[in-house]
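I've put the structures underneath this note.
Common to both upcoming complexes is chain A, partnered first by chain B, then by chain C.
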Partner chain A sequence: MLTNYIFIPIAAAFIAYILNKRNRKAGAVITALVSAYLLLSLTALYGRWDITQSFNLSLMGYKIDFLLAVNPLSWLFAVMTAAISILIALFSINSQENFKFSSVFNLNFLIIIGSMIGIVFARDFLTLFIFWELMTWTSFYLISAGKKKMAGKAAYRYIILSAGAAYAFLMASIFIFQQTGSFAFDSAAEFLVANSPAQSIMLLLVISLPFIVKAGIFPLHIWVKDAHGNAPKEFSPFLSGMMLKIGIYGMIVVFYQLSFFKIIENTIAYRGLPLLSYLFALLGAVTIITGTILAIRQEDMKKLVAYSSISQMGYIIIGIAIATPLGFSGSMLHLMNHLIFKSTIFLALAAVIYRTGTTKMYEMGGLIFRMPLTFAAYLTAIIALAGIPPTNGFISKWVIYQALIEKGYLFLAIAAFFGSIASFMYVFKPLSTVFLGQLKPQHQNIKEVPLLMKIPMLILILVIVLFGVFPGIQMNIINQISGYLGIETVNYTLYSIQGANGAWNSLLIFNIFSAGFIIALLLFSFAKKSKLVGLLDTYSSGEYITDAESYHYAYQYYRPFDRLFDNLAAKSLTDFYETLTKNLVRSGEGLRRALAAGKLQNYALYSVLLFVILAAVGWII
Partner chain B sequence: MVNLTLIIAIPLLMSFTMPIFKMLNQKLPKVIALLTTAFNLLVLTANFSQIMDSAIIIELGGWQAPLAINLYVGPLALLAAFLINGSAFILSIYNLTQDYKFDDKFYLLFLMITAGASGMVMTGDLFNLFVFIEITSIAAYSLTAFAGRDSYEASFKYLVIGGIGSVFMLLGIGFTYSAVGSLNLAEIAASAGLINPLLLQTIALLFLIGVGIEAELFPLNFWVPDLYTEAPTAVSGIMSGAVSAAGIYALARIFFTLFPAQSFLNYLLYLGAITLILGELIAYQQKNIKRMLAYSSLAQMGLIVAVISLGTEGAVRAGLFQLVNHSILKILLFISAGVLISAAGSKNIDDLAGLGSKKKTAAFGFTIAAMGILGVPFLNGFISKFMIISSSLNADQFLLTVLILLAAVIEIAYYLKVVQKLYFEDLKIEVKKTAVITIPVVLLTLMIFGLGIYPQLIADPLEKAAAELINNGSYIMTVLGGM
Partner chain C sequence: MIDIIYRIGHFVLITVFSMALGLLFMGIARKIVARIQKRYGPPVYQPYLDVLKLFGKDAITHGFIFDFGAIMALGGVIATLFFIPLGSWQLYSMEGTVILVIYLLAIASLGMAMGTVGSGNPQASVGISRALMQMLGYELPYLVILFALIYRYQTSSVWGLMQAQAGSFLNWNLFAYPLMAAVAFVVLIGMMGKKPFDSMIAPSEIGSGPVVESGGKYLGMLLLQKSITIIIELALFVNLFLGGAENILIFTFKMLIVWVLATMFGSLFPRFRIEDGIKFFWKWPLGIAILQALYIII
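Let's look at the complex of A and B:
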């Protein structure tokens, strides 16, 4: 029964591919329908945490059990996947009209949806691996289908990192399989706890490799920027929203269900936290800082959002790694909220790209006059990202700060605050350069996006504010997850959360904000009418400026700030990996030249040499 | 039951009467080749259930073993024979669309190579094995040269190296005969313990080199890249799908049935591992697609030898399954690559850009086969990879496992480069008309998915084959004991 959720999308994928060949919109419609079906049936599954399904296979002399089960954590991820897929599918009905690869896109996208549900419902390593690989491969094809020239290279780097990590994962899980006779998480956890801590820690670190790659945690984050920047624009929200998160899901499984935290309980501690956990939190902090600084430097809006996503993952990892109830709840809140507001940002940007045809921010401007709903969506989303009440982003950030302050982790808290403040810099840049400022002449005639694209954006705006005012809705499921994983729960009511040194009452704050907003509105309407001025009629020191571009401050927006970090940013981690592969290539070339140069005499000599050498070896040994 | 000797006899007969067929009708040679390989497959299928029960022994000429030459067809030989004749069959279907110069001679040699390879795996006599190896090799030398100037060089290289291999093998056979007094495999296996250890070492090394050349082991395999690159596609296919399988069969017979010893298996393990990693590294920076496939083939052979030489039943099963999968996948790869090359008019990978939209079947075939080799779940490669890792870890060979995974990552790199070029880049060259290969591609894809989703289809033969290989006592008993 659980397999329905997995195999219906996969089967639908092939139907969508065939139908899409006739009608470009068909594939997206099928995706939307399937996602809607998934969302509805998953909501019916809520609370039934006892459902399991298993298959036993006697394969080639191996007895293997494939286990599937529902639990609060899995349920949440499955619902998030379905929800974002509906939004993307609705959006892509129109936006993929002229997309050459729309059939391939929908084929792979549906398979990804099915395999993600497979990943979160899996209760054993092999099932997890099979669906993980399926997801990695289909997303490889999806990213390759992007229109930009770099898409292929980006996808290529992505899959080499992902697949390499996944193979290591396979090795470690087969090792555990041989020691325990089963792939199941439960028996693995027992084995790991009873085993020598050093070996268990090694195994778990290897197992967490594919998750670290997927979540974009430093230093394995190099694939994220290019993959986001070059993937088809409808896929970027999913990449950012769900695929990074599935890595976080894996980390939660490793930390809690595979008893990583329990195993390292008695190792060296720093301020009451085992050192390895603190190291993960530290990696999260570095990710926040790196992501934020690099995001500020970007001119391409998709790459900017890519780096921003990485830095938000850093927040989530910090919250999970410090292993406190508040930290975990904050991370889960941020996980959900990030999905919501990041998708909004992506959809708004995709709408802009759809209408203007470019992703370079300095080529746009003044779009608020032509696309006001898109602007409103984007504005709400960046307010949420910056963590300002009464949006949901504030609540998750606040809980994480509370968690860090409660334990007194100074460096982590500074990194978190820095990330928050600086994030406003990089989200403001697209707002200012794309929506505000002067409208370029070539964009005079563009219109707002079609209805099917407006609906997702509207829904998301409402959700952002709703969750901001009533965090209790989210805390409900989060507390169930905490209970399931064995973490203490956090006190909350429908509109307030109990932190470490006080409670947050969002209804009260929302009322105050509304009051302020209404007062401002009244003042505005009773004031004198404003005078409309031409866009290009601005102060220019008496010079005549005819080029519209020069009026618009957009290029290298934060140059003074960037200059501070120029030296640091020049040392690119990507270059390091590139040099590594180049050396590998050169070694192959060298070997070939030395051994396989084409001289027949040498080849003949090898046979005799082999005989002599092996005979000598046999003689000696 | 249908006599198994027909598997060798009929192709030989057909091949020598090929010139007559050509005189009757221009198209007849192709059809005869197809029918003959189909016939072989039918004979094998007819004997399938009996062999699964107990090995079939046919004593040629009515003489008794160990005096006579006998054929021994157990599950292992059956598996290998299916691989060989199956590859030949699929390639014959592919050949229906190809035109070769002097094609009566081509099909003559093609059937000869099939007969030779089948003979190699079915024989129970050492010198007979040598004879069949020679038949196969000579047919291969000649078949390679059907593609123009560069292929003459490849053929010549193979000829010289193969000739050296024959010398080593003959020496080995000579020493064995003088030590044991018989050429029957079972008899040699029974008396192996009585041979002077030093002499045994020498004999084993001589055979290692002699047969290692066929099994494509480092450092004896440098004829492989040239041959696979320059020969006609069908020849590359039959070499990588059938002849290398026969080579590995011969290697396994010698080192598991005749002279089982841990030290020899260790040599095989190290040589196999070196072949694997060397092959992958060199494959990575190839610009010529057939050469890339050739080095990849080499590396897979190294992997199979390394895994089989681990010696445990699980390992042998894993290696054999990998061999089966490899044949299927490599033939699909070579056929698809052949079409892509004739479409682009060039073997350079860069020139293949964008062909995915024009040559859909070939590109699809290439992609599925590449994913199979890389071990994507639900395809056959995944199961065999899983079994390999499992048996390697079981034998506590951590280094080998890491090496295998490293090789897998490098494989991803170079195969996906091609797949991306095919589908996601723009066409650079003018596309020429090419053969239609739908049937072979469909057949092979069905096999790939079938084995991937339901590997139980082949589990029983594999299990029996592995058991047979490990237990040389039963081999000896069956041939000598019951007689």
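Let's look at the complex of A and C:
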């Protein structure tokens, strides 16, 4: 029964591929239908947390179990995957008309949906690994299908990091299999708790590697910018909204279900928090700061938003790592909210790219008068991202602040505050340079996007406001997850949340904000009516303005600020990794020259030697 | 029904009172600055005349975002005002307010930024970009201070933080944590865009920056927004560091003292370059705030 959720999308993927060859729109329609089916049937699954399914396989004397089960945590992730896929598929029906790889896109996209549901339902390492690899490889093809030249290189970097981490994960899980005779999480958790702490911690750190890579946590975040910036515009919302989160899912599994927190409970602690947890939280803090500073510097809007995703992931990691009830709830809230507003931002930008064909911010301007709905979607989403009430983004950040202040984690809080205030800067940059300011002459005749692309954006706007006023809807499922993982729950009602040293009431905020707005509106409308003039009809200190293009402040918007961090940004981690790669290649080259300089006899000798060694090892064991 | 009318009356009363008080403060400031520069200066009631005149004048607009920005700016600060205790007046006490106030003020700033950049004037964009950079400078020490205060008194409501300083005036945070109060005072000057930190306005350089395109009722609304913002920021300082007050008269007196001091300090210094301003905020106020916060949490 649970396999339906996994294999229906994967089967549909091939149908979509074939049909899409006939008709460019068929693939996206099938994707939308399949995701809608998934969402509906997942809703029916709600509350039935006892469903499990397993398969056996006997291989070379080993009995291998494949276990699937559903619990509140995996249900939430599956629902989020299905819901966002519907919107993206709806959006891409029209936007993929001219996309060369649209068949491949839908094939891979559906396989990713299926494999992600497989990942969250998996209850043993092997199932998790299989679907994880499936997801990684399909997303690799998707990223490299991007239009730009860089897309291939970006995808390459992504696959190398992911694959390296995933094989380390496989090694660790095989080690555990050797000790316990099973890949299942439950027996692994038992073994790890009973084992020596040092070894268990090592194993769990290795197991969490692929999740850290996928979540884009510093210092393994280097793939995020290029992959997000160069992926096809319809895939970026999914990549940033959902696939980064699957890394967080894995970390929750490691922390709670594989009892990482239980193992490190009695190690050295700082302010009541085990040092390793604090290190994870510090990584989150560094992630926030680097992501933010680099986001502010970008001139490419997709890369800017990609860096902002990195920094927002930092909040989620901090909340999970400090492991208080408020921290965990705040993280889960932020995880959902980030999915919502980040996909809105990426969809709005995709709409802009669809019409203008560029991602460079300084090549645009004044699009608000041509694409008002896209602007509204972007504006709502950035208000949420910057954490301004009354939207959902503020609530989750507020809960995380509460958690940090409660325990007095000053430095984590400074990073969180920094990321939040600086997010005003980087979200305002596209607002100002793409949507506001002077309209370029070549964009005079741009129209708003077609209806099918508007609908997903409208839905997302409504969801942002809905969750901004009624966070209780989200808290319901979060408290079930907390209960399932054995964390204390947080008190809440439909529109209020109880923090550690204060409460939050979003309905009240919403009403007051409306009241203030109405007073201002009344004042505005009672005053004299004003005269509408053009954008070029402005005060220019007596200069004569000839063209709109040179009258638009867009390039290097925050230059004075960037100047402060020029030195830091020059020492990029990417360079470090690239130097490492170069040295590795060079030493490999040297080795090849020394050992295998093209003599056939040598190769024969090596084969014989290898055979002898293997035979000897086999005989000794 | 009576209840609703009563409530609306309260809304209007507090809004009008704060606008009037803010404009009066602006008049006083102009007088003080003039006297420091050995000028006579305009009469104290000049800002009232300005606002009345501006609302009567013809104005130009650059499209709906320009209108929407002005409304959002004023609406945002009015909404914030209802959460601040002014003496014994407070419409809504919500326990999470201190952090909320900072973020609600951001609504107004976002509205103003959006509206003015929507005018298409690059000078407005330059001003807004500077204002946002400077905001990152001063908000960071301020939030660290709030962090320390909330941790110290275990409440995040402005009212609760004010109550915690009750009793003798030696309980005021001004005397209990003088370094923190000094930092907050510097931050206050930055928040209000006074002299060392006024590069976003810089009249002689970028044509008054954000307000360059506003005229008529738009400028009038932005003046009202400015006046309420001043009251909010001063009220926050008085509540957090001067122990608030029992009634509105004493409260106004305390706000006036802080305002006069801030104005005097402000008119003594030349303008910071924008990155120097940020560096200054991150070096001294942030450093001191972190030391003080460490002292409190350890």
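The rule is simple: the second predicted complex is superposed on the first by the 591 of 621 C-alpha atoms of A that agree within 3 Å, B and C clash if a C-alpha of one lies under 4 Å from a C-alpha of the other, contacts with A are read in each partner's own complex, and residues count from 1 in each chain.
By definition in this document, contacts are C-beta pairs under 8 Å (C-beta built on N, C-alpha and C of every residue); 3 or more make two chains touch, one makes a residue touch a chain.
None of the values given here were measured: they were computed from a predicted structure.
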Discussion item. Touch test for A:594: chain B only (first), chain C only (second), both, or neither?
Written reply: neither
Item to complete: Pick one for A:501: touches chain B only (first), chain C only (second), both, or neither.
Response: second
Item to complete: With the two complexes superposed on chain A, say which partner A:369 touches: chain B (first), chain C (second), both, or neither.
Response: second
Practice prompt. In the three-chain superposition, say which chain, chain B or chain C, touches more residues of chain A.
Written response: C
Worksheet item: In the superposed arrangement, which partner chain does A:383 touch: chain B (first), chain C (second), both, or neither?
Response: second
Worksheet item: So, does A:170 touch the first partner chain B, the second partner chain C, both, or neither?
Response: first
Discussion item. Per the contact definition in the header, classify A:62: touching chain B only (first), chain C only (second), both, or neither.
Written reply: first
Item to complete: Quick one: which bits of chain A touch chain B in the complex? Just the residue numbers, please.
Response: 59-62, 129-130, 133-134, 137, 140, 144-145, 151-152, 155-156, 159-160, 163-164, 167-168, 170-171, 174-175, 177-178, 581, 584-585, 587-589, 591-592, 595-596, 598, 600, 602-604, 606-611, 614-615, 618, 621
Worksheet entry | Complex contacts: residues of chain A adjacent to chain C | 366, 368-369, 379, 383, 386-389, 394, 398, 401-402, 404-405, 408, 410, 413-414, 417-418, 421-422, 424-425, 428, 431-432, 436-438, 499, 501-505, 508-509, 512-513, 515-521, 523-524, 527-528, 530-541, 551-554, 557-558, 560-561, 563-564
Discussion item. For a test of understanding, state which residues of chain B touch chain A in their complex under the given definition.
Written reply: 156-157, 160-161, 164-165, 168, 201-202, 205-206, 208-209, 213, 219-220, 222-223, 225-226, 263, 267, 278, 281-285, 314, 317, 321, 371, 374, 376-378, 382-383, 386-387, 389-390, 393-394, 401-402, 405, 408-410, 412-413, 416-417, 420-421, 423-425, 455-456, 459, 462-463
Discussion item. Considering only the defined contacts, which chain C positions touch chain A in the complex?
Written reply: 11-12, 15, 55-63, 65, 67, 70-83, 92, 94-97, 99-100, 103-104, 106-107, 109-110, 113-114, 117-123, 125-126, 128-130, 132-133, 135-136, 139-140, 143-144, 147, 150-151, 154-157, 207, 212-213, 216-218, 220-221, 224, 273-275, 278-279, 290, 293-294, 297
